[in-house]
Amino acid sequence: SSEAAVQNAPDPIALTEEAAGHYCQMVILEHDGPKAQMYLAGMQNPLWFSQVRDGLAYIKSPEQSAEILVMYVNDMGKAKSWSEPGDMNWIRADEAYYVVGSDAKGGMGAPELAPFSSKEKALEFAALRGGEVKLLDEISAQAVLAPVDEEGSDQ
Amino acid sequence: MTSILSIARLELLIARRNLWVATAILLMALFNVVLTIAGNAPTGDLGASPMIIAITSITTLSVYLVPLIGLLLSFDAIAGEAERGTLTLGLSYPLSRAEILLGKFIAHMVVLGAAIAIGLGLTTAIIASRHGVGAIEWGPLSALYFTSLALGATFLGLGYTISSLVKQTGAASGVAIGLWLIAVVLYDLGLLGALVADAGGTFSKTIFPYALVANPADAFRLLNMPDQSVNMLASGLGAASSVTGFYGQLTSLLLWPVVALLFALLAFRKVEP
Amino acid sequence: MTSILSIARLELLIARRNLWVATAILLMALFNVVLTIAGNAPTGDLGASPMIIAITSITTLSVYLVPLIGLLLSFDAIAGEAERGTLTLGLSYPLSRAEILLGKFIAHMVVLGAAIAIGLGLTTAIIASRHGVGAIEWGPLSALYFTSLALGATFLGLGYTISSLVKQTGAASGVAIGLWLIAVVLYDLGLLGALVADAGGTFSKTIFPYALVANPADAFRLLNMPDQSVNMLASGLGAASSVTGFYGQLTSLLLWPVVALLFALLAFRKVEP
Amino acid sequence: REWQIAPEGEALAIALQNAEAGDIIRLAPGTYKGPIEIDKSIVLDGQSHAHVIGNEQGSVVTILAKDVTVRGLKITGSGSDGETKDAGITISKTADRALVEHNELIGNLVGIDIHGTKNALVQKNKIEGRLDHRMNARGNGVYVWNATGSKVIGNDIRYGRDGIFVNTSKKNVFEGNRMRDLRFAIHYMHANNSVVRGNTSLANHLGYAIMYSDNVVIENNLSRGDRDHGIMLNYTNKSTIIGNRVEEGGEKCVFIYNAHKNQFNQNLFAQCQIGIHFTAGSERNTFAQNSFISNRTQVKYVGSKWVDWSVEGKGNFWSDHSAFDLDGNGIADAAYRPNDIMDHVLWTQPAAKSLLGSPAVQLIRWSQSAFPALLPGGVVDKAPLMQPVLPNLKEWEER
Amino acid sequence: MPALKIEHVIKRHGTLETVSDVSLNVEPGERVALLGHNGAGKTTIIKMVLGLMPITAGSIDVLGHAPGTAAARKQTGYLPESVAFHGALTGREQLHHFARLKSTSLKAADDLLERVGLAHAADRRIRTYSKGMRQRIGLAQVVLGQPKLAILDEPTSGLDPVSRHEFYDIVEELANNGSAVMLSSHALTELELRTDRIAILSKGQLVANDSLQKLRDLASLPIKFKVTASNDTIEGVNQQLGGKRVNCQSLELMCAPDQKIGVLSAITALGPVVKDVDVTPASLEELYRHFSNVEEQTK
Amino acid sequence: MPALKIEHVIKRHGTLETVSDVSLNVEPGERVALLGHNGAGKTTIIKMVLGLMPITAGSIDVLGHAPGTAAARKQTGYLPESVAFHGALTGREQLHHFARLKSTSLKAADDLLERVGLAHAADRRIRTYSKGMRQRIGLAQVVLGQPKLAILDEPTSGLDPVSRHEFYDIVEELANNGSAVMLSSHALTELELRTDRIAILSKGQLVANDSLQKLRDLASLPIKFKVTASNDTIEGVNQQLGGKRVNCQSLELMCAPDQKIGVLSAITALGPVVKDVDVTPASLEELYRHFSNVEEQTK
C-alpha cells in the first residue's frame, strides 16, 4: 500500500465485548489466541477476526469489498499467555513476524499463525512449538486459504 | 434569430422527408415500450417502484441509443452539404457559421427531444395504465428527459465536429461509429482494464473518479441510476467523491454539449467549401 | 472482365483513400488480438485446444463485426454515387449493372478479406508463439475464414440493396444500422421470445431450427462452433444445430450471398440516376 | 409413589428430599420457590400450572440424577452469570437420560443447559430468553455442552443469544424446534455426527451456524427472514445439507467459509442478496438439485478453477437461467455460469461498481456468455434443471 | 440506316408530360443540335436514348439496338449535363478507368488528356479541378474508343471559348469518322458552323428539325443594317434610305434576305457621308425565338 | 469608393500559384465580366472575395469590410458556379428560406420565382428540376434583397437563350439600382452589350481590364469581308479586290477597322456581280484570344 495509506491508517482499538468475528459472527473476546482487526476504506469500525489466520485469509483472498487500509494483529511476544492475547498489544500485520505451521490452535480451533513484533520471540516460539518464521508477504495464500480438515481431531 | 430558426425549419423539413424523424421516434418508442413492459413483469422482489425499474432500464438503453441517434442525425450535417455542393452557397449567406450550426442543432434537438419525449411518454402511459397515475414519479422522469437531451446534444456536437473534419459522408459515418464505440463501450472498458491492472493503486483513487465522470455517457448513467451501490461508492473514493458525485456528474453532463459544440464550431470554421 | 476488375480497382483506390481499408483492418486486428490473448488465460478443465477457444470467441465476435464492416463498406456504394452525380455517367458505360455491382463487390470483398485475414493471421501468430506451431489447426481456421467471407458477402449484398433502394447516403446509413440490429440482435431475440411463448410446442421443434439457420449470422455461428463442449459453454441455441445440421448451415451461408446480391441487383436495376 | 404438592412453604423441597427413585411429584397450580436440585431419578410434573421461581442466583432447576423427568413447569428467575451458565434447567453431567418436556422457561439467562450429559431428551418446551443486556451478553435457549446422544425436539425458543448452542458434543439430534428473534437459531461448535432436522428459524441474525464440525446432517430445516445468513458452514466438513428451505434472507442464503466435502442437495435458496457465498478453502463440495430462485447474485465464488455444480448429469435449478430444453429431458441445453468475469472484477475492484450498468460492463457480461475464452474460472452447472425440486417441509405447529 | 432513331416518344412523370411525341433521327456522320428552353425535355430525351430512364410510349433505336442494352451502350459515348467524378481520384486514374471500360488503350487516354489540356493537372485529385477542367475530363471520356453515337448534354457549359473550338474540332473529327453526334446546347452561336442540323424542342414538342440554312429560309427573317454617318449628314441619309434613327449619328434598316445586296449598294452609293455600316443577318437566336414562338402561338 | 477592391491578391495551393498579383476594382453600378480560360483562377478569386477561401497575400475590401465578415456577406449576393440545392425541398421552400436569411419578404421570393419562370414548378421538389431550372433558382436567390455587390460565377451556364436575356435584364436592373456586379463567364457574345468592363485572366494573371471598345481599339484587330459572286465572275472580282478565294463562288478580305467603308464601297462598286457580302468585325472571341495570347507570348 502507498504512503498515503500509511499516513491515513486509523489506530488500533481495544477488543470489545461486541466485537464479532467477520466470518463466524461470534463474540471473539471469549476465545483464546491472537486476533486481528482490519480497517477498510470508508468504514468507521474495524472488522474483527477471531483468528489471525482468518484475517490473513481475508487479505490473501481475491475478494475485496473495499480497499484495506491497515490490519493489526496481537503481538504474542507481549501477550500474557496464549489464552490472554492482550488488549492493546496491536502491531501492524505487515510488520509482524509469523510463526507458520506450529502446533498452535486459534481461538476457534483451527491451526493458527502466531504473530510477533520481535523476530527473536518468533524464533523462540517456533523452536518450542514448531513451524517457521515468515513475513506477511512470504506467507502463501494456500497456507491460510487451504481447507482445514483434521481427520483425527474429533474425539 | 429568424435566420437560425429558418435553418432549423429547413433542416427539420429535410429530416422529416428523409425519414430521420420517423426512424428516431420509432426506435426510441419501440425500445422504451419493450423495456417498460418487460421490466413490469412481476418479479416483485427488489421493492423498487415500477417507474424506477423502467427508468433504470431506459437509462441503460439510452446510453446506447441517444448517442447513436445523435451521431446519425449529425454526421451528415456538414459533410453531406459539402458533398452535395450546397455548402458553398450556404456559407456566403449573412449568417455566421455558429448560427448555421445552431440552426441545425436546434432542428436535431427537436427531433431528438421529440423521440425521447414520445418514448418516455409511452413508458409513463404504460405505467399509469398498469399501476395508476400515482405510480408516476415526475422527478426522476424529468431528470431522465433532460439529461438525455444533454447527452444527445453532446453527441450532436461531436457529430458535427466529425462531419466538419472529415467532409465526406462515407468516411464521416465510419468515424462516427468509431466514436460511438469508443465513448459508449471502449472508454469504460479501458477504465475497467486500468482498474484491474492498477489493483487499488493510485489510479483507482485519484484518476479513476474523474476519468469516469469525464465521459458524458457515464455521467448520464450515474445521474439516472438510483442504484444505491453506485452512490455508496462515493464513500470509498475519499476526496474525489465530492467532485464526482451528483454535482460533478451534472457539471460534466452540462459542460459537454457546450464543449462539443465549441469543437464543432472550431472544426466547421476550418471548412473550405 | 477487365471492366469489372477496373471498377474493383477504382473502388479499392477510393476505399484506401477514404481510410475504409485501414479502419476495417484495424478493427478486426484489434478485437482478434484482444480475444486471442484474453482467451489464452483461463485454466481448468475446459478441455478445448487454445485454437478452438480462440476460434469460438472470434466467431462470436465476427457475428457482430463482419456484418457491420460489410454494411459500412456498402451502404454508400450506390446512394453515394447517386448523390455525388457520378452514377449517371457510370450507368451509360458498356457494363451491365450486374458487372458494376460485381466490381464493387470484388473490391469490398478484398478489403473485408484482407481485414479478416490479417485478424486471423495475428491470432494464429499469437497462438503459434505461445503454444507452438503444432497448436494451429488449419481446418477450423480456414473454415472460419471462408465462412466469414460468406457472411461479409451477404451483408455487402444487403448493403447494396439498401443503398439502391434508399438512394440517399444519410438515410441509407440509418437503414443499414437498423438491418444490422435486426439481423444480429433482434432476430435471435425474437426467436427466443417465440420459443418462450411456444414452450416446447410445434414451433420449437419444426419451425425454430429452420428459422435459426435461415439467419446467416446464426448459420455462421453454428458452423464455426461445432465442438459440443465449447458450444455448451457459449450459446443457448446450440442444440438446434442438430436438426438442420452441417449441410443446412452451409447451404444457408452459401445461399445468402447469392440471394443478397440478387436482391441488390434487382434493387439496383430499379435505380434511375 | 406419587406426591401431590401444594404451593405452600417448603413442601417441594421436602418432597424432593424425601422422594425415592421412581417417585412422581405432582405440583398443584401456584408458585414454588427455587432453586431446586433433583438428585433422584424421579418425575417432577408441574402439570402446566406450577411456577418455580429462582432467586436470581445460579440455575433454577438442576438435575443431578439419572433418568429424571421434569415436565410441565414454568421456570423463571435464574442467575445472570455467563461463566457459570445460570439456566432455567441445568442437566448436569451425572443426569443421563434426563427428560425435560412441556416446560415454560421465561427470562432465564440460559433456558436449558445440557451440561456433559448423555442421552438427554429435551422436548416441547417453550423457552423465552431475555431482551435486556446486549445480544452477546444474553444466554442461549438450549446450551448443549460436551453431551452425547441428546435430543432437542419441538421446542419453541425466543429471545436470548442463540436458540440452541451446541459445543463440543456429538451424536445429537435437534429436530422440529422453532427459533425466533435470536442471534443464531442453531449454533454448532465442534459438534460432529449430529442431525439438525425440521427446525424453523425465523428472523434471526443467522439461521444455522455450523462451525468446526464434521458429519452434520442438516435436513428439512426452514430459514425465513434471517438477517445475515440462512445457513453458515465455517470450518465444517463432510456434512449433508439436504432439503432445506432458505428464503427471504438478508445478505446470504448460504455462507461457506473454509468448508469442504459437503453435500448440498435439494435445497431451496431464494430471495437473498447472494444465494451462496463461497469463500476460501471451500473445496470438493457438491451441489445437486438445489433451487436458486431470485437471489440478486445466485452464487458468489472467486476462484480461478472450474467447479462443476452437477452430479451425475443433474445440476441445479437457476431461476435466471434463460435456457431451453429442446430434447425435453429436463436438463437445459446450455450450461449455467452464475458468475462472470464482471462479477470477479466487481468483487476484486470495488471502485468498478460505478461502472455497473454501463455498456462496457454489459459487453463484458455478454461476452462471458458468448466467448468461452473470456471466462474466468468459477462455478459451472453443466446440467441445469429446467424445473425446481422444492423441499417439502412441515410448517411449525403451535401446541 | 440512322444511328439513332427516335419515334413518337412520350415521357410522363405521373401526370406531367415532359416529352410529347418526339420523332428524330441522327444519321452516321451527322451532327444534330438539340435546342430548347430550360425544362423543354432535352435531357429527358437524352436519358431515354441512353436507357437511363424508361420510355413511356414510342420507341427508340440505337444503332439497331434497344436503348440501354449492352450492345447499344458499347458504341455510345455520353456526357451528362452535370458531369461529376469522385474527387479522391486523379484525372488520369479516372480516365484510365474509362479507357479500360471502353477497352481502349491507356495511351489513348493519356493522349486525350493532353488534347483537352489537362496534361499538367492529370495527376492532381479531381477535387482540386476547376469546373471547366472537370468538364474537359467529361469530354475526353466521351471520345474515348471512338463511339458510333455520341450524346452530349450541354457539352460546352463551363468550357472557355478556346476549348469550345477545340471541342467542336473533336466533334467534327468524330463525325468525319462516321459517328453520329447529338448534342444539346444553349450556346447558339457556336452551333452555326459546327452542326449539320438543328432540332428545337419546346415544352416537350419538336418544333423545328432541319439544317440551319433551311430554317433560315423557312423563317425568312429580315436582315439588319446599322448605318453610321456624321452628326449633320444623318438626317439626309435617313431621308434617302428610310429606316429608324437610333441616335444622332446612326440609323437602322431592315430588309428581306434577298434584298440585301440592293440595300448595301444604296448605302455605299451615298459615298463618304457613310462612316460605317454593320450588316447583321438574323441571328440564330432570333431564329430560335422565331421557332419557339411559332410553337407558342399555335398552342 | 469602389464596392469591391482587390489589391495584389495572390493565392497559392501548396506550391501551385493559381492567382498571381491580381488587382481589380468594381464600382457601384458597374458590371464587370471576368473572363479567362478554364483554370485561370476566376472561381478562386470569387471565393476569396466571398471569404470562402483564405487569401495568401494581398488584400480584398468588400463594401468597406473584410471578405467573409458578416457585414460584407450581408450586402453580397452570390451564385456559385455549380449551384446545388437539397433535392428534397421544393423550389418555393428553398427560396423562402433564402428570403428569410436575407430578411426579405416571402412575397419578393414568390415574385422572383415568377420572374425566373419557375412559378409553375415552384411546389415541385428540386430533385425533379432540369439543370436550367436549378440555375434559375440560383439566380433568383442572388437578386433577393437587392445586394450591394453581386458575384456571379458563370451565371448563364445552363440557361436557355431567352432566360439569358432576362438574366441580363435583371443584372442591368441591379446595376441601375447601384449594385456592383462581377460575373465570370465564357459566353462572350452575351457580354458585348451587357457589361461595362471586361477583365481577362490568364493563368492567374490579369491581362486585360477595360471597356470593350477600349480593348477593341487597343487590339485593332482586322475586319473580315466575305464576298459571294457567281461562278464565272468570281475570278474577276478576286482580281479587283484581292483577298483569298474560299471556294468557286466566294472570297475573303481583311482590312483594318478604319478602312472598312472604303473596302465596302469598292465591293458594291462592282455592281450586280456581287451576290452577297458578309461583314464581320473582329469578334469578342478574337479579342479574347488576342489578349490571352499576348499574355502567352510575354511569358
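Letters A, B, C, D, E and F mark the chains in the order given here, with residues in each chain numbered from 1 onward.
Everything that follows uses one rule, which is that contacts are C-beta pairs under 8 Å (C-beta built on N, C-alpha and C of every residue); 3 or more make two chains touch, one makes a residue touch a chain.
If you're wondering where the values come from, they're calculated on a predicted model, not measured in any experiment.
Enquirer: Which chains sit in contact with both members of the pair chain B and chain E?
Expert: C, F
Enquirer: Could you find the chain whose CA centre sits the greatest distance from that of chain F?
Expert: Result for max centroid distance from chain F is chain D.
Enquirer: Kindly indicate the chain pair that has more C-beta pairs in contact than all others.
Expert: E-F
Enquirer: Quick one: chain A and chain C, Cα centre-to-centre, how many Å?
Expert: 57
Enquirer: State, to the nearest whole Å, the distance from the C-alpha centre of chain A to the C-alpha centre of chain B.
Expert: One centre to the other, that is 51 Å.
Enquirer: Let me have the rounded angstrom distance from the C-alpha centre of chain D over to the C-alpha centre of chain F, please.
Expert: 103
Enquirer: Going by the contact rule already set, what residues in chain F reach two or more other chains?
Expert: Those would be 82.
Enquirer: Would you please write down the residue numbers of chain B that are in contact with two or more other chains?
Expert: Correct list: 18, 84, 200, 204-205, 236.
Enquirer: Two-or-more-chain contact residues of chain D, please, as numbers and ranges.
Expert: Only 348-350 qualify.
Enquirer: Show which residues of chain B lie in contact with chain C when the two form their complex.
Expert: Against chain C, the touching part of chain B is residues 18-20, 23, 27, 68, 72, 75-76, 80, 83-84, 168-171, 173-174, 177-178.
Enquirer: Would you tell me which residues of chain D are touching chain B in their complex?
Expert: 271, 294, 296, 345, 348-364
Enquirer: Quick check: in the complex, which residue numbers of chain B touch chain D?
Expert: Those in contact with chain D are residues 43, 45-46, 56, 59-60, 63-64, 184-189, 191-192, 195-196, 199-200, 204-205, 208-209, 212, 217-218, 221-222, 225, 227, 229-230, 232-233, 236-237.
Enquirer: Note which residues of chain D are touching chain A in the complex, please.
Expert: The contact residues of chain D facing chain A are 134, 136-137, 170, 183-184, 187, 189-190, 192, 205-206, 209, 211-212, 214, 228, 232, 234-235, 237, 257-261, 279-283, 300, 302-303, 344, 347-350.
Enquirer: So in the complex, the part of chain B that touches chain F is made up of which residues?
Expert: Residues of chain B touching chain F: 2-3, 6-7, 9-10, 13-14, 17-18, 84-86, 88-89, 91-96, 272-273.
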